[in-house]
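Some structures are shown below for you to check.
Each of the two complexes below includes chain A, the first together with chain B, the second together with chain C.
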Partner chain A sequence: MADTTISATFDVYRFDPAVDRSARYQRYTLDLAPHTPVLTALLRIRAEVDPTLSLRYSCRSAICGSCAMQVNSKSRLACETQIGPEIARHGRIVVEPMHNQPVLRDLVVDQTPFWREYERVEPHLKLDPARPMPADRPTSMTPEQVERFKETPRCIACAACYSSCPAVEADPEFPGPMALAKLYRYVVDPRDTATRERLVGIQAGGLWLCLRCHLCTDACPKDVRPSERIRDLKELAIAAQGATEPGSRHAVGFKESIRGAGLLNEMQLVRRTYGPLGLFGQLGQGLRIWRKKPEVVRRPHRIEKVEEIEKIYAALDTGSEAPK
Partner chain B sequence: MKFAYYPGCVAQESGKELDLATRWVCRALGIELVEFPSFSCCGSGFVDEANEVLNVAINARNLAIAERAGLNLLTICSTCQGMLTLANHRMADPKVRARVDGALKPLGIEYRGTVRVTHLLRVLVEEVGLPAIRAKVRRPLAGLKVGAFYGCHLLRPTDEMGGEGGGDGEEPHSFEDLLAAIGADPVYYRGRVMCCGFPIQFVKEATANRIAGHQIQDAKSHGADAMATPCPLCHITLDAYQNKAEKAVGARLDMPVFHLPQLVGLALGATPEELGLPRHLVPTEPALARVRPSGA
Partner chain C sequence: MIRHEVVVVGAGLAGQRAALAAVEAGRDVAVVSKLHPLRSHSGAAQGGINAAVGAEDSVDTHIYDTVKGSDYLGDQDAIEFFCREAGPTVVEMEHFGTIFSRAPDGSLARRAFGGAGFPRTIYAADRTGLALLQGLWERLGTEEFTLYSEWDLTDLLVRDGSVQGLVAFDRRRGEFEMIGARSVVLATGPAGRIYGHTTNAHSCTGDGLAVAYDAGAYLKDMEFVQFHPTALLESSILITEGARGEGGYLRNSAGERFMSRYAPHVLELASRDVVSRAIVTEVLAGRGFHGPYGDYVHLELMHLGKEKVESRLQEICDYSRHFAGIDPVTEPIPVYPAQHYMMGGIGTNIRGETNLPGLYAAGEAACVSIHGANRLGGNSLLETLVFGKQAGVAAAEHAERATASALDPADLDRSVAPIRAWSSRSDGEDPSTLRTEMQRTMDRYVGIYRSEADLLEGLRQIRALRARFERVRVVDRSRVFNLNLTDAVETGHMLELAETIVVGAYARTESRGAHSRTDYPKRDDARWMRHTLAKKAADGPQLSYSPVAYTRWEPKERVY
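Take a look at the complex of A and B:
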């Protein structure tokens, strides 16, 4: 069997706040089969080399979501990440705790901020007390209604998305991909009666801070595609309440601004998003850019056949999109 | 080599220098760009937020224009690349297609789904090829350390963009390979595949500026003399708003930011004026001064 193993170098993040002033990386080298999961390797290190290594895990089968960590700078489930491809790509395996959550010890993070955002979206059915669910039979849904949940029921709350999210990193007001994907799941649930208040709440509650970078969708081990569910929530929020926030005003303003000429009208969009007073606040920066790029204040030329754009809008932008 | 040229809105207006540089480089490398004055805006991700099907429809119209001419479509913007590619994917959903067709067919427009959407970066690396580019380099950018900044939508979601965008999914290196081919020293740093902050520039400026500042600081701390991007929206954020990013992170950045074809053009012998470099907000001269003269 010896010829089927590879020598795998692990650089593992170590930090014990009771002893260490700062984090360090400890190197372990093991001979392992290329298909060995990173989690199995870490458990072997703990059992055979270093019993002080702390990590969180449970099922080892990519179901419980406990063992998410940074493997070579990507948020992954350690139990389903094999060492072979990592070694082939990076030459070694750097294992670090998840980002965006304080480190308790080694690879174990304090998930309080992640769960706080989860609780904030009230991830449970809100029912109409006047219309309780029947106790004696299941509630039926049409296949179309079920389809609207999309991939969200697959979420195992591993926090890989939260760990990979640059908006979470940059702004505590952003609830994070998982909480928003969960919220979406209740917004489209036909049994839930709080759809509108959920959408109104989230429109002002950080929804528009999503950067659309799709790092969460890449990180998600269950293919929940959180960034797409956040997009869905944005469209639903506008449909439910209109554009009430800078982010939604910008999205709707952008949509309207390409209507006349078929191309973006930068000045008009800035005016729509900020309003006349806000526009005044952008004057200094605008002037700075205008000196080098005078086109910023120019109306765009009109594309040929721009009337086609208007007709497409007339057919598809009727303001009654996305019914529940 | 012939493409339907999709310049996108910014390169036709405030990012005109990107269009100039693209035309110069394509002329030098024998890439024929066919123009279609009926192309509309791609929606830039914002129309998608407001109305997904509408966004697919305006891009299906763009794709149908290229399809009628029998051409694949060349973009010079990561966001245009992302939006047009997503439209291709979403048209595969029969429900979306039915609604889009319902809007387009009365206009005599039908998109059959045959157009490949490709970015200039990918054309240079995979179709022109690095050996052919290397052979045409007249002024290698030796000594210039450049941090590539890909722009999210060229790379992700990987499932959709992997084959068409950056092309190399998890660990993109096509941009760095191109930089090496023109003699520059590519700098690898975490921020190169991260977001520039542009999408929330109008939502929460302070956060957007901080994100941009961190990416520039990251490139700088890894030794970059300059950054380069295949996305004019990233360019706006990193160049035109760099003064705001500096305030947000409380540090001088002084980071020249090039559009991808500008660096290729410089290496192939174009002058800074031909590539629109004087239009940048952060002067590019300090970076150009780092280039070692040939033979040195």
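Take a look at the complex of A and C:
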């Protein structure tokens, strides 16, 4: 904890719907210790320079999830982002509201869509009346069963993942990383009795719209690793129901194609993904590819020593885990 | 005009549990909260929730520990009820979906906590509050009720002495609204931000206490303010008592485990008031560490090993690394006491009833009293759930028989006119400045050790700030998320409450639990075994006293 200060320049996104037609950036410069959190700096601006700056904040210790925002273009909790490294790397600190949620004012966004997706995965225990909880005592759960939640109970619903997600931006059908991590938390809960129903629902409910870019995992301040939980959900969904959607059929087809030949058979993959009839729908695309890169559409040869591939699969394939 | 049968203000654990109870009783329920419920300060509770559930433990031991921890100011009938409800409450929360840490045999894991004769603190790693908050909110989400999220409470509507509803401000639309109610439950949490050095969230500004006090409710035992022994230096972020429960040591600059001087039997696991005083005493004796952010002592976890520290104290590792640049696996954590909890609050009985018909309170906003002069770690989460439920049940019963009176739109104008005046001034006091000065005053004069001279000076300063608040000015003209207005509302609330704390502390000429008078160092049962009640009067808080309820436990000297 150094006590020397640095001069820190903040360019803060300002927008008041009553007076501003479009957003503007306001510059504030403060002398601060390098370990000062961005939130502390913003609150000092509010207290000492400009009380009209609006933002959400509460606990200042990364547990309430209020102060997620874009800090130098990354979704971060302002309370646990120190200014020193930001200044060292970017020379200044650009503070903007989260993405994928409409701006209400300054750094405050409308979180209605985020909460709606959270509600949509039915985040509560579903119980089978035929399998009641034990009366007057807690359910028995081993530490190993608790391990299966992985880090999902740490989620503070800050929406940093939602803000960073390009699939959320592109596709209104995608529930977003937080909602899917929450769904995973209920899928692996040994008390919940709707595991299969939940997995069947999400396989057709946007699970495969994830772009696997892992930006959510990068943004998550609590190490929930939403993209890994989405991957877990995909495996569990296929294990529970088989591959029923283009997305899941594509994944399974990819795996089988590589397994058999050591190379990707694009024609086979298209057929597996969209079905024999669906193949016609992809005909135009196929022709265009054939004209430019005919080798892609040709049947690939088997690589030598394809049995080595099998060894890799055997090493990786521990068998899809049973849901509970 | 908005109208519901039961309106709960505050959506932390106490408010949510009250809402669930009222919904289950068949009432039309609304929840009004300044934060989204999942952002409530309940989620910041780390260490755990007490329940004597094992065969080796007993409810009687939990009762005794709580009575002793309270320094015999807790009401023993309420404490008995509270401890008996602990087991069923934890089981219920588990059934609602809370994910607790587990022992190898599949039962709920338990850890040692300060002032407890048995390791009875059930936990979810070091984020028990978050685990309970998620479990309860997701259970409540299956019920029908109306949520008013990000609304600030500004007033209660009282007619003929009974509460008829409230006035609140919708941050998003910038509108004040009257919400009519047959019963109002205040579960608005504490006012920790009265102090500068506090573990509390910025939202903890005592709004419910202030409006209840304005409406004529009694505030009880306000002078009893708990200072948590181990807050992170500079930021005052909480480092859970669970860190010591898992075996952490406190050391001074001479390398001594100094708690052996103050609590020879249980060392670091003495009650919080005892440990906080010990740290301050060590620092005053020149045995603290000194740095640019003040004096401190060391909390050591290194000897526990990387695996234990990182699995059971995962959030603590993050806090230390992010907010202090310290890795607790290899380095000691610099800690110093900070304001943490208010034993006092809106006076209630075990049903959450206040002295005003139609008004109920629960959680940290309320004072039943089960914590007396000092709360034990692990008892506050339990309190929110046990008494949140009681208040919800009682509010629902009252709502069933009470008749709703018509609200008069003129009442809204009357209630809001003074606040509107803040925005029309061309010159005046800045709410943030008043707040900062109040925090400095309270830190300096109304802290862990108190004296007549300090309290008089503190009172003088708080009254001067209250006078300046009469001319408070809001400069932000925007309707949407006008936090300048919220700042002013909250600062007004806190200044009013600060006065009740100082006046109560000045009057109580003894040392008991968290209230330590250097000029009256002994507990005085003959004169002071009684609760302080503060009622609003024209010239400040008017104090009266009420007896402590006894059942089986005779007062003894507290030794840990």
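Everything below uses one rule, namely that the second predicted complex is superposed on the first by the 303 of 324 C-alpha atoms of A that agree within 3 Å, B and C clash if a C-alpha of one lies under 4 Å from a C-alpha of the other, contacts with A are read in each partner's own complex, and residues count from 1 in each chain.
We adopt the following convention: contacts are C-beta pairs under 8 Å (C-beta built on N, C-alpha and C of every residue); 3 or more make two chains touch, one makes a residue touch a chain.
Keep in mind that what you see is a predicted model, and the values were worked out from it rather than measured.
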Clash or fit, chain B versus chain C on superposed chain A: fit
Angle at chain A between chain B and chain C, C-alpha centres, nearest 10 degrees: 140
Which of chain B and chain C A:Tyr313 touches, first, second, both or neither: first
Contacts of A:Pro246 with chain B and chain C, given as first, second, both or neither: first
Touching partner for A:Leu263 - first (chain B), second (chain C), both, neither: first
First (chain B), second (chain C), both or neither touched by A:Arg60: second
First (chain B), second (chain C), both or neither touched by A:Asp189: second
First, second, both or neither for A:Phe254, with chain B first and chain C second: first
Partner chain(s) touched by A:Ile156 [first = chain B, second = chain C, both, neither]: second
Partner chain(s) touched by A:Pro123 [first = chain B, second = chain C, both, neither]: second
Where chain B and chain C come nearest after superposition, their Cα distance in Å: 16
Those residues of chain A which chain B touches in one complex and chain C touches in the other: none
Residue ranges of chain C in contact with chain A within the complex: 35-36, 38-41, 43-44, 88, 90-91, 94-97, 99-108, 124, 127, 130-131, 134, 138-139, 141-142, 172, 201-203, 233-235, 237-238, 291-293, 314-315, 318-319, 322-325, 430-433, 436, 475-476, 478-484, 487
Chain B partner contacts - residues on chain A that touch it in the complex: 73-74, 89, 166-167, 170-171, 173, 208-215, 217-218, 225, 227-228, 231-232, 234-235, 238, 245-248, 250-252, 254-255, 258, 262-264, 266, 270, 273-274, 285, 288-289, 292-293, 295-296, 298, 300-301, 303-306, 308-309, 311-313, 315-317, 321
Chain A-facing residues of chain B, complex: 9-10, 12-16, 37-41, 43-54, 57-58, 61, 99-100, 102-104, 106-107, 109, 152-153, 156-159, 170-171, 190, 194-195, 197, 199-200, 202-204, 207, 210-211, 214, 240-241, 243-244, 278-281
For the chain A and chain C complex, residues of the former touching the latter: 1, 3, 16-19, 35, 37, 43, 46-48, 51-55, 57-66, 80, 82, 104-106, 108, 111, 115, 119, 123-125, 133, 136-143, 145-146, 149, 153-154, 156-157, 189, 191
